[in-house]
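Order of writing sets the labels: A, B and C. Residues in every chain begin at 1.
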Amino acid sequence: MAAHVVRKADLKKFINAVKKKNTFLGPVSRKGDVTLAVVGLDDELVLSYSNFKLPPKTLLFPKNELISTYDDNGMVEVLPSEGEVVIFGIRPCDVLSLLHLDKVFLDEEFVDPYYQERRRNAVVVALACTEPMKTCYCTSVGGSPAGEEGADVLAFDLQDALLFEGCSEKGRAFMKTYADYLQKPTKADLASRNKISSEAPKKITPINVTGLTDKLEEHFESSLWEESAQPCLGCGVCTFTCPTCHCFGLHDEQYGQRGIRMRVHESCMFPSYSLEASGHNPRNANWERMRHRIMHKFHSTVRNFGDIFCVGCGRCIANCPVNLDIRETVAEVLHE
Amino acid sequence: MVNKKPDTAAWEPKIVAFLCNWCSYAGADLAGVSRIQYPCNLQIIRIPCSGRINPLYIVKALERGADGVLVSGCHPGDCHYISGNLVARRKFALLKNFLIYLGFEPERVQYSWVSASEGGRFASLVERVVDDVKRIGPSNRLVKEEPVHQNG
Amino acid sequence: MDRIEQRIREAVKDLFHKDRVDLVIGFREGSLPLKSRPVFVRSEDMADDLVWNAFCRGNLAVYLPKLFPPQPQRDEDKKPYPKIGLVAKGCDARSIIGLIKEHQVHRDNVVIIGTPCLGMVDKEKVEAVMDGDAAAQCTEGENGIFHITGISGTKKSVPGEEIFADSCLECPCPLPEEADVQIEGESRKPAAKKYEQVETFEARSSEERWQYFVDEIATCIRCYACRQACPNCYCNVCFTDQTKPRWNGPGDDLSDLMLFHIGRIFHQAGRCVECDACVHACPMGIDLRLFTRKLGRDVEELFEYVPGRPEEQPPLCVFRMDDNQDFITEP
């Protein structure tokens, strides 16, 4: 389906129509920040943001996920049953992160049924970037501010209208469902759209990742790891704000004669994550855990899935309490 | 152990009581031996000394659904371990204020001193605490509910 | 600021030259606006990396406990503990004193480089001054005025007092009193301790206070940045990570979140120096200050204790016969 527009004046009507049939998540103001949340009756869609503080992975892979219950009769799997969810406003870098997570959770041989169910039910309406941040570098890791890879629908904010392009079967079907609310774009609309997709990448400061995977393997034993990880506090901010970090643990809780099993997010930056029952910890030192994280992002995933999992969103850089910068670490490795 | 609370006048609060072995627990025993009637809402946990109480015990009891928490030790100066209750007194003063500050009702967590010979005092204390907690109602701060799932 | 920076570099070079230190922890230039970051200087040549400006937020004392592991865990040849210098503001120095009192750091192995502090910039306040426009650049000019350029290009100049962090505005000790090496320079005037924020909060109803606490804590992502940034949180295994017993679950269940914060903040009673490293580290902007201040005030009022004075014992290790017991229920 070709590009269509919704004028800003008609946006609320369109969204209300979508809300009638699905759960609708979009960018709204919460506690002074723009967050991706269920758009309530009183909420206005906010479009003046660079990116959400937290990545959208928790929509498909929640921080606390009930996966089964057990009692005297045995264990019962609990699959998600939230129905169709339309997610609007995800940036292309975050959309790419979902494709990376698909490789982990929707492997041919082993399919994660919980992730699969949520993934199947989600319609991803990406919103192209007009103002990349100083910490962004998506173009260096296979992405783009106006990239459509992974999106069901790609939207552009044209100031007076939103332009939608169907990118997948699901996306085109979505647009067909709401065809009554969509209009044909004008020449000016299309020119605006093209301007965004050509201008935005120019605002990004790229980084070099050529040969990084091999260099990481080569310099596994380098002293640069211990040196560069000195300021690291060992918190989990980078992993929890990262769109592709997906380490998790299983946690059981008992309530009387019943129990539940949950999947919870974990962080490889915590020593307890790799601590073995014997007491041995293969990643005992903080710098070993930091090295592991960088390797996983730029090496192991390339070897296992063919892709650098980092999407260049810059959240780890912006949120690190001691301003550790993954771009600098990458440059140091290449320089070795 | 979430205390399912019926919304009726017949609701009885569940109060977790940490009693020190040498004084307060003995005082409770004396109340029993003397056949002094007092409300039976207490779930008593015997600890060696009030100084042994980790503040997290009190917070954990609230998280597990206790409607009230009572902590009792020897009178200052009479601690079996000399100074356990004196160190605890400072901790409790801070914890009492901190929990109220966060929004817990003042009556929710209470502290007292009861000696081994004060069976009557123990009974009066329990009556007072149960009355207080009945008045403020079931605990609804911090209680951890079992995660809801769709399949019933 | 530049003169102080120069003096710090010279003092550090001198310390290396006289072999008084093996390592100096200070700040160097950050990769983002409004940020300086920790640097580990291991030789005289590296000393020129050190900077001093209004973005040196964070408590450097956090690195010390790990550098002094208990003796049995050290190498078999029993290497002596390293000599560590620390570019310390008032809050860092108070933390070091606290760690010494708790036997986590050896006084003889620490060289406190007392640095006069005028205040540190708070990113949120800068954003508020710029009406939400993130800062692309922020430089200090004459007379404590800061010149800010937003991403959109707008420029504003404001006095430091408008953008310094609250903890700095209320700092009782901007010039470390226990310094081994004192850097010359101008520091803030110490503020009289004020607990207006705590008092205002106390005046609200119990329901309101609980709702505020819940709303703040609900955004927590359990990253533990607060805990890891705090010099006082040096436990090998934090209570929240223990499984025998399990105090609270992992993840983002509201009750688990609250138990973590209640426990962590209460564990700071009598120890917290109110440096706000936790506040600064929190990626979600949780108002932890409101809760740490309450304990600080109560400890001061009930036990006349303020952290940072080396001669005083930690308040929960001692007692007085006439300690306050207003909280006791008399049946």
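By definition in this document, a residue touches a chain if its C-beta (ideal position, glycine included) is under 8 Å from a C-beta of that chain, and two chains touch if they have at least 3 such contacts.
Bear in mind the structure is a predicted one, so any value in this text is a computation, not a measurement.
Asks: By CA centroid distance, what chain is farthest from subunit A?
Replies: Here the answer is chain B, farthest from subunit A.
Asks: Tally the contacting C-beta pairs at the A-B interface and at the A-C interface, and name the larger one.
Replies: Between the two chain pairs, A-C has more contacting C-beta pairs.
Asks: In terms of Cα-based centroids, which chain occupies the most central position?
Replies: Looking at where each chain's C-alpha mean falls, the closest to the middle is C.
Asks: Quick one: subunit B and subunit C, Cα centre-to-centre, how many Å?
Replies: Their C-alpha centroids are separated by 35 Å.
Asks: Counting only Cα atoms for the centres, state how far subunit A is from subunit B in Å.
Replies: Computed from C-alpha means, the inter-chain centre distance equals 46 Å.
Asks: How many Å are there between the centre of subunit A and the centre of subunit C, using C-alpha atoms for each centre?
Replies: About 32 Å, centre to centre.
Asks: Can you pull out the residues of subunit C that are in contact with at least two other chains?
Replies: 249, 253
Asks: For subunit A, which residues are shared contacts with two or more other chains?
Replies: Within subunit A, residues 64, 262 contact more than one other chain.
Asks: Could you say which residues in subunit B touch two or more other chains, in rising order?
Replies: As it turns out, subunit B has residues touching two or more other chains at 147.
Asks: With touch defined as at the start, can you tell me which subunit A residues reach subunit B in the complex?
Replies: 64, 66, 69, 76, 78, 81, 255-256, 258, 260, 262
Asks: Applying the document's contact rule, which stretches of subunit B touch subunit C when the two form their complex?
Replies: 55-56, 59-60, 63, 76-77, 83, 86-87, 89-105, 110-113, 121, 124-125, 127-129, 141-145, 147
Asks: Which of the residues in subunit C come into contact with subunit A in the complex?
Replies: 30-32, 35-40, 58, 62, 136, 151, 215, 219, 221-225, 227-229, 237, 241, 249-253, 280-281, 283-285
Asks: With touch defined as at the start, can you tell me which subunit C residues reach subunit B in the complex?
Replies: So the residues of subunit C touching subunit B come out as 198, 201-202, 206-213, 239, 247-249, 253, 255-256, 258-259, 262-263, 265-266, 269-270, 291, 294-295, 298-299, 302-303, 315-317, 319, 321, 323-331.
Asks: So in the complex, the part of subunit B that touches subunit A is made up of which residues?
Replies: Against subunit A, the touching part of subunit B is residues 1-2, 146-147, 149-151.
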